[in-house]
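Take a look at this one; I'll ask things after.
A, B, C, D, E and F are the chain letters, set down in written order, and residue numbers restart from 1 in every chain.
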């Protein structure tokens, strides 16, 4: 059912998120610190049951000099240069199994699926720790891990990993670094938008039902997790709302969208209780580049599912001239 | 949590299902009627975003002379003869999208994914009607559609479709008809076991957490749907229990397992509330061929997920000499 | 709690449903096809425990030449002519038990309670199949059975049965055909409104909390089943919304209400989550005849319950001069 | 699903309830106190929409000299003497509407439906207060009202009302006092069994899925309300278990069953979570008169529904020679 | 999540409750009747494990001449005169254990915690009956006990007890009667506001997330219990809405707030589904004395929890000059 | 309701947990590493509203040299030496507010309430980070943080903090180090039992409904969180069961109980779904010192609540000669 803004207000909604004055400085400093560590991309060929797709177990150095795992899947025997897709996954999940998620490689892309630090024990498995610890009390999950300071917040680390993953993909021999895109749904969509704003040389972005958008509104208009984690935290730490919302402003897809200019495809689901449609429209409407939006009137947070992915593949094949 | 039999009893459990006297006659007649219709396999090439997998939209004639849809996916440009896999899907789902479910073709198989008549509007979409109607009052779903008579029961039609799908796969130029297997999970697993018992020339079967096993027990030891549909029906049609259980005995995986002799891989999940482990053991323990069992102690009905599929691929690659 | 429109907007709400151009032609053709089959009303006396009410097991020919079951209950020994009431039942139910539902006969009416094809295994039992099959993939239930085309949609069959049931009632010796009414709640209320628009010679209609009203809004403003079945379908068959809503426009109580002119009694419950009050007001406000509305401010979908029935009996006794 | 004892143990189960030494004395004193008040049965004819059933609003004096309401329904114009049925209703309900529940009168009985003091605002409405107050802290509901002492316990009052209702029925001109039965389901079934043990001159009893049976077990083997009220109470008043269970022993259907000798019909539902089947078997197996049991293997607390009622009517028509 | 009025409307909301003409007369008569009984405060020293707080088991005469229990806790050995706090507890609870709830005594107050008649078997135990009985059918709980008449309504008794508790506290040797406050949350907050309006000589009031405020709106804007009890009642007793709402107007915190002039501290939680924020604002905005409001934007009905209590202690220590 | 072992088996149940060979070596090494850091206890007086209890904000060095927060509450102005109680809190909670939880100080103890690293944003707030990070993928919560290796497991850090908290308490001037006890419920109870086994010089322990007991059984017999976190992890990381259970064996209260010899008070609740009673009996029955058990037959995980605490205070006052 519809519980968000009326249709006409939705389409025009610009969000409630403010731009912190030092947003760009914060991210410049964060990425500079990360760049102090070499990327150190390592690939180990994985022996799978597959014959049309080759898979490598990838490690690169993400935030804090910590190793981040990923899968690289490419059409079997491809010599490249291929267009590349880096994919970020949704909340709770990890990079999954080497033999899963064959869509992007089967569509002709070099496909790097980044693991999610400290997650990967929910709907798909992972292998990457979040070595940095909690920095304070927290609600179960990662939404409030380190939330009292942008410097210690979990998503500072994850988004830095995402930017590094783009560089890792671009560094591969089999990849044409000028034809790389970031894709993902929900948390993966937020990561993709962050990468679109922060990663040099990215050519396009696809974000399905992105999470972490218009956070001041999001935490007030849904009871669904993971946004609910923030409410849970503030219901106990009652005096920290301003500080917590201040931290979140550095990680809001709305603010990344204002800075991202590569061609973009978004999707939004009008019955989505996890990432309410108004919050997605806020990111989309602020997006600074050329953009398209897929609207799914009768879907919840599953959004367009495979239809989002097929649309993304067509969008990227058109843009990146996949042969 | 564990709510079924203790571990030692589980492993030895043989089930409560009886073999109806005319089980073989019933199925011989059913399949003979179906064979009166030509198989009439039609393939139409589908234009997808994929480059490593070729996809065809398949139609063949199933039960009652009715057209059944399927996807055929093969490694791009393969000329065969390839080993073949026919896959049956779980309750509520259909054949899904042409560009989904690339695992089996990517593993080198000709992969025929059969649609599920009259379902296909739940977790994945379908395109095949169940033209035969309800034959009586029924609970929403298909578990009680026509349940007062084996002749009119829904699964008579679906399992006939499954047997015909095996023949359709075997008839394809790209396929080696002596190296074909049936696979599936839950309802798909029950369909695979039925096909293993009924379809001539099948070489192997993989059934993950099969549904429709040991039905007299199943309807008493879980409240979860879809087994619950039978209870719901009998709670209203209070005097029909004997008749309904009589019908079900013609469709129980336990009875198919007693008749199937091709090599088999099963899986069971010990915290499965949808297809309780004892019911799966009943099918496995009665299975008449060589067999292996994957036991997942901490899983529910998701069973082994991708790990079931990878194990099945290795099992079939070993048996069917995939090059 | 109140989740629908504010009180003043509710009372004036006219709905969002459009009138398809060929609505009248569609129903004229449908009923003409049905009339090709003789009504063939058969009665068989039922031996019950009752002494004040006589019961017959009735069969008449409904849509597609298919036999439809019903109960006829009349005051014991009544010779007529009596005023008649045909009652349609709610979603999931059937005609129930011969000895149930004695209200209308006890109130002096010849009471024909029509069975619901293919339902009757939910809250009350039935005995009538829906022989026509699914015509496509569908969500469990009947809301999406054949929903891609008005010709194949389930409610085309049910509403035709309803119109035929009126004729069957009118044809009985014990009944005065000029003093017959249609009554029902929820799905039964929708059927009654459809009958009021389509059945010749009906004298009145009573519809409690009618279902299938203002469907474009209904599928967007509640998560409750059975409206939810439509959303579930469209969440998987994402591109069919226009087609599905097109089909539904031929079966919307709002459109029947525009064409019905016999005296009518409606009821609406302001906390109804199954048939939200705005959707009921849409039907009521468009109703073309004289009309009354019972408003239950603190009820959910149970509406006025026995108080709706008593009010309906008084309304009909007044109109139809029950002696 | 089945969660109670295995089938063979169920059928033989005798319960865990002890017989308090002064059980008979307690009830003799209780009823003697009640008899100090004249029965004072008053009838007022109700103007309804019904023509085959006449209805009177009845008041008689129950426990504590307090007026208890009831409906009397008889076949229209009946002069008697008729066999009589007094019906007690389930937890939360009251006597309902004058025009509801026409089954027993339509089956030829003088039907007295007793209201339930202080309930009657749940699934059916009532009109009778429970003037005696709470006697102590209590959980919402009546299960723990006055539970620390048999003298002050709610069911002392209700069961006394039930015994008085039998006398009220027997006192009516239209009734043959030697042909009266008590019937009811759940709480009504417990009341009927209590009346069978305590009311002089009763000729038969029908108890569907009776509540308040084998209470020491009942409060341990289900989480469902209303048995749960006792657990809730004891979870707060942790030291009162012995006292509370002591009180309950005076009101357990098992103990009444040991003392009742009129012919009895019981029903039990094997998936009943509200009155678990073992507790019902405990009452049935201890019942001291000739008895029959209807077993519903796939039902929950709805039991046999109308089929219980029809069976009861046939049972009573046979016993009481209804003409 | 936010489901109530927008922020700006919330802050200005004045409620929908009307002032019954004879509100003051009703309460004057009620309290006069109570004053016919002597207060008869009795204290019995309790032997606890505590050494810094002395506890007495208190009994005083409340409504109807009935004994009401309470705990008195004071700093060990205090000779007074101390400022006093009378605390009323939330729905379902009682005065709890002698050794619990040490906050107010530890903060230097003589702390009288009043038991709640007929409750005290929910989240904390009690020991006080509600001797007056139900006066009519009722929903489980106390919200509809006697609801058809202000004279018989449960809260007439509870609020009278509350006023008497203030007098009992003021009468104690250890207490300075000019420095006494009433505090409580939810039902306890409503009781405190009632006491502020009705009890002579009270010096201040603290009401956290008060219940029973703006009842006409409350019963329409939340499905949560206990407000839901009123809806449940009216959904069965459909014709009694006017009468029931008439009764409630005598017990609405909005009407007490209009009459109370002592300094007040309120709290409101913006995600409170039990006492929706608009209803609390209605009481606060109508409050006739000086007032402060704590707003908790991310809390549900737990409100400010210990932070409400600490704020209340500081507020009262400032007002009442606690040394 | 009862879902665990029958009563007689419960009372004798010894658990399924094995003692790892190097359990003692593991903990000896762990504590030795911790002792490399000075305890460095710091106290800062807190300004509260309280007058009978003095509160200090305490910091001491726990596992890994990291600062752990606590509250110290003592009777106002006490000079000691007092008996001491260190309290550990339940899952999700932190040390709470300075002005809460006054029971132990009011009972004459020096009461140190230790914060819970990285928790403290659930039912009570905390202030202590868990600096060590996740060491791998994890389910939200702490149950699987670092679970693949005893060295990195979360509870290695928490239990080390607990042992250090005992030393911190013992080091205080106001405390008699020979009269100190550890208390706690659930996770706090497990921590207390661990401290009883590992902390030198402790005089007694009280563990209410202890968590982390008989973990191999616990993760199989309940679906409730937090034990469920382990199942969730293993349902995704399907091949790690042996490793994970190996890790857990170093942290099982059963193994600590085998090594603890100070007088102990336990409590168990027979309807506890969070820490099922069999698991608590396993710890109790293995406990190596003199011991008492409070059994709450009708309680869930709330156990004895305040009655557990009062019993604990009496138990400790007796043992530790509180004056």
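Everything below uses one rule, namely that contacts are C-beta pairs under 8 Å (C-beta built on N, C-alpha and C of every residue); 3 or more make two chains touch, one makes a residue touch a chain.
Everything numeric here is computed off the predicted structure, so don't read it as measured data.
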Touching both chain B and chain E (chains): A, C, D, F
By label, the chains that touch chain C as well as chain E are A, D
Are the interface residues of chain B and chain F largely the same numbers on each copy, more than half shared, or largely different? different
Centroid of chain A to centroid of chain B, CA atoms only: how many Å? 37
Cα-centroid distance, chain B relative to chain D, in whole angstrom: 50
Can you check how far apart chain A and chain D are, centre to centre, with Cα atoms defining each centre and the answer in Å? 63
Interchain centroid distance [CA atoms averaged], chain B/chain C, Å: 39
Quick one: which residues in chain D touch 2 or more of the other chains? 307
Got a list of which chains touch which? A-B, A-C, A-E, A-F, B-C, B-D, B-F, C-D, C-E, D-E, D-F, E-F
For chain A, which residues are in contact with chain F within the complex? 92, 94, 117-142, 144, 232-233, 236-237
Interface residues, chain F side, partner chain D - complex: 1-2, 271, 296-300, 302, 304, 307
Of all residues in chain F, which touch chain E in the complex? 48-53, 75-76, 96-97, 99-100, 102-103, 105-108, 306-307, 309-310, 313-314, 317, 322
Chain F-touching residues of chain D, taken from the complex the two chains share: 219-223, 231, 234-235, 238, 241
